[in-house]
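Presented sequentially are two complexes of chain A, the first with chain B as partner and the second with chain C.
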Partner chain A sequence: MTTQVEAHSGYKYKSDSNRLGLWLFIISDAFVFGGLLVSRFYLFAGERPELNQWLGVIVTFVLLTSSFFMYRADTDISYGNVKGFTRNILVTLILGILFLIGVVGLEWPTAPFSAGENAMSSIFFTMTGMHALHVLSGVIFLYIVYRNGKKGLYSKERHFPVEAAAIYWHFVDVVWVFFYPALYLMGNPV
Partner chain B sequence: MRFYKLSLFRGLGFMLVGTFIGVVITILIRLLIGLPAWNAEPILVVGALFGAIAFMFGTRVMDDWFKWARGIDTPEPAEDSEAEGWKRFIHVSFDHKVIGIQYGLTSILILSVAGLFAMIFRTELAQPGLQFLTPDGFNTLISLHGIVNIGGILLGVAAMANYLVPLMIGANDMAFPRLNAFAYWINIPAIVMLLSTILLGGVDAGWTGYPPLSENLAKIGFSMFFLGVYLIGLSSILGGLNLITTIIRMRAPGMSYFRMPIFVWSTLATMIISLTATQLIGLSFQMVLFDRVFGMDFFNPNQGGNVLLFQNLFWFYSHPAVYVFVLPGLGIISELLPVFSRKPLFGYRWVALSSMAIALVGFFVWAHHMFTSGMADFLRVPFTYSTLLVAVPTGIKFFSWTGTIWRGKLSFQTPMLYVLGAISIFLLGGLSGPPNATVATDLHIHDTYFIVGHFHATMFGGYLFPFVAAAYFWFPLITGRMYSERWGKIGFWLMLIGFYFQSLFQMQTGLLGMRRRIADYDPALGVDFQQLVVSIAGFVVGLGLLVFITNILVSAKRGQVAEQNPWRSRSPEWYIPTPVWGHNYEKPFEVVGEPYDYGLEGSDYTSLGGVADTPADSAVPEPAAAD
Partner chain C sequence: MDENKKTEEQNNGDYKDQKNIGIAVFLLLVALTIGEFFIGSIAADWNWPLWGIAIFKAVLIIYYFMHVTRLFGSSKEEGS
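Let's look at the complex of A and B:
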């Protein structure tokens, strides 16, 4: 019989706990994004801000594509393919940065309104800003995982940080799947 | 250890420097983008944020995380603190028991501060007319009394959960010890911010901080208020995450969900609320902060904003928050009653699930705070009914408590007195609830002292009395010594009698038409006498608490050495040497029976052993007088 001490240590046991903690964090975080979505429709049910539609489509495409490469990276490392893993995670990271440039670097300065103009601009900047903050923290997380992966710290059996980065990245991606239509598509532009 | 190496002082030093750096950086950025160099509010807000982050650096709780990020593996955190004696409690430790006590001491400290605020404004209210407070100062004091108490209660809840849950489920620590320490220490800069509001113009908008008032008053205090509460909320969320993971993952072999101690059940229900709903008060406070600092318009009706949005987000947390405050306390009541009645807990499964039911229903009742706000009329009735629904699982608890005491072999040591006091007070709080939930009566008593009386009853019965009961009950385990039974009882009667006078007269004052949050009242209202009684009673409650605090502080040093398991409890934490630091259980135990089968011959809860109750000596022996 394994003792409790043995059963409660070890990489697998710890990773299982970490995974649960991560999912709880995501549930918690989902309440922020849910609250923002509710606020957006509470304030403006049938209207939306006037935004650059092409830019919206492009950044959405970039972010969704990044999730594909994230998935590839995660799969690679679970087969022990460190080279494929580093390459794919680098692509994910770059796509993430491109998304940030698209939203914060292009959409924000070119939007026909400023943050302090009215309630609609406030909700637009807060929603995209909160999401961008998560993308940014995801990018940092990816960079850490990329760097440690290149050092050879992850293997087929031991790569929970990669898995965590993947789950987090997909979550941030899914949030955008809700935010994009809520901000760019639903309601009449004003 | 030198004092400047202790986390608290190091953190505060870093905080000072961090705030300064934040201020300088903000001024530079403002100059860079062509804004005037000085605008106190945004600059101080960023400064405070930098200060809080610097504080966390200074305490060194995050050191291991940075090592992980650089790819350096670290061993499990040391089980014992580097600091010795009392310094243990102001230095970083990853031991859940030390963190629990840190939470507890901080909680008692800031609850006392909030209590002092109350004493100041109760002195003002003892007679009509303005004596020594300005209306703004009065409102700042009542706002801080509310919010600092709420912070203190959240810390107290975390204290009980942190100290007890791992011990009760047979774990050697929490699932994430570093996160646990982080969640505690982040409260310190938060408290500094909350108290700094007094010097920064005050926060005279009530503890709820409703916009537009909290948005339009040009007082920097408000920003610090929102930021401080935000950080306490962060602590609450992280604590919830940690405790849920711990409870799901780290139970002793054989401890199925329905063999967990009832306090663990109530903690689980509580932490589900903390984990999720807290985000929405965070969001609402963030929005007001953005309105204040960036000039956004969420709550500015002239620019398409809507103040009711704030109330919806705010109460979506702040109603369930009341269950965060009381569910652990109700768990303590259910936990202690079987011990002092020497009988099984009546309806264990129902009690366990009732906590979950209260937590769940709590998510659907928030708008009962908004009946007079101008929200859609047709929503009032569904929210009345959902609110009244809470009475069902709460009623289950009362039935269980009555059933447990029924024909039990009761003994009345201080913890039991506090538990019985808690039940009677919580009954008052519960019965005065439905009038607020029912639209017809609420329109009359909304925003009056009736609500104040009701709420204080729920907090005293659901949190304060159970917390004191828990502190006395586990005192021998925590310190290895016994508190003074005589002073414990004196404190109890002071608090109980003081409380009843305070709360009942508050309710009556409210029914007579006295509105809350007003520094003065018209003698023609006929409430002079009642107001005086409430003030005096409040001071008596304060005296009772002072007796409690003095008792535990003095007894921790000079109390008689406690015997092992003085209450003859079946719970596993009593079967290890006390006081316990570092590792909890030398060898793991197995759960072999039901937790509350007191008085059932030959039954054990855990493989550590148990107490055999024979009819001859079934009551808990009175501990030797230790004065």
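Let's look at the complex of A and C:
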């Protein structure tokens, strides 16, 4: 009985339970983005907005690179390299901010329509806006993890918050993996 | 060799392997994105290859970066 109680109160058990909860959240959130993707093809199947192609591919590379540095941060803390972890998570955070600047600061003002002008503009701003909000919350999450990491709160054995931040950040990247071709590449530009 | 008696050298080797996997996956993702960009530029109506590439990229990220196998307890303890 005592062994059972100890097993259920251990850090690994808690991390496993938290991981399952996080994945359930990720799956439910994926349905929201899936709905937006379906709406995009329902509203303008063979067409796409005339967007800045170079800006689209650059922000995509920025987000992919941020995912790579997040992976390195996660790996570093898993092997006890705290210095490498803080350095890599800081790079991830900066790249996340650059992505936001690229989409909200550069793409939105130069888009060939304004929000609410027609169905295409509505779905474009809803998709990119919803995704940008997730990136913003991810950046806040990364900053909290970075601050806690600097305070020495994570170690090789106890670092679930880092793993959670990494899973969330990679999920945001996965969403963009589908949004980028759907908004920038598929269909004839109108 | 017994898993519990892993030497520090082996641990360092695992660490390097994990980092190398990250680099390989990242380079593959970059190559696929460049491929996507050119397919989109050449044939705007050619959606299925773009869907295929997007799904493949998502699988790579979910499997290697998000460590989905940890959910099923099939991955070994990290850093141990």
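Quick note on the criterion: the second predicted complex is superposed on the first by the 186 of 190 C-alpha atoms of A that agree within 3 Å, B and C clash if a C-alpha of one lies under 4 Å from a C-alpha of the other, contacts with A are read in each partner's own complex, and residues count from 1 in each chain.
Note that contacts are C-beta pairs under 8 Å (C-beta built on N, C-alpha and C of every residue); 3 or more make two chains touch, one makes a residue touch a chain.
Keep in mind that this is a model prediction, so the values were computed, not measured.
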{"item": "Which of chain B and chain C A:160 touches, first, second, both or neither", "value": "neither"}
{"item": "Partner chain(s) touched by A:144 [first = chain B, second = chain C, both, neither]", "value": "first"}
{"item": "Touched partner set for A:108, first chain B, second chain C, both or neither", "value": "neither"}
{"item": "Which of chain B and chain C A:42 touches, first, second, both or neither", "value": "first"}
{"item": "Partner chain(s) touched by A:178 [first = chain B, second = chain C, both, neither]", "value": "second"}
{"item": "Contacts of A:123 with chain B and chain C, given as first, second, both or neither", "value": "first"}
{"item": "Contact residues of chain A, present in both the chain B and the chain C interface", "value": "16, 20"}
{"item": "Chain C - residues contacting chain A, complex", "value": "11, 14-15, 18-19, 22-23, 25-26, 29-30, 33, 36-37, 39-41, 44-45, 47, 50-51, 53-54, 57-58, 61-62, 64-68, 70-71, 73, 78-79"}
{"item": "Footprint of chain C on chain A - complex, ascending", "value": "16, 19-20, 23, 46, 48, 53, 57, 60-61, 64-65, 67-68, 70-72, 75, 78-81, 156-157, 163, 166-167, 170-171, 173-174, 177-178, 180-181, 184-189"}
{"item": "Chain A-facing residues of chain B, complex", "value": "69, 71, 170-172, 175-176, 179, 237, 240-242, 244-245, 248-250, 252-253, 275-280, 282-283, 286-287, 290-291, 294-298, 300, 303-306, 309, 312-313, 316, 587-588"}
{"item": "Of chain A, residues touching chain B in the complex", "value": "3-5, 8, 16-17, 20-21, 24-25, 27-29, 31-32, 35-36, 39, 42-44, 115-123, 125-126, 144, 147-148, 151, 153"}
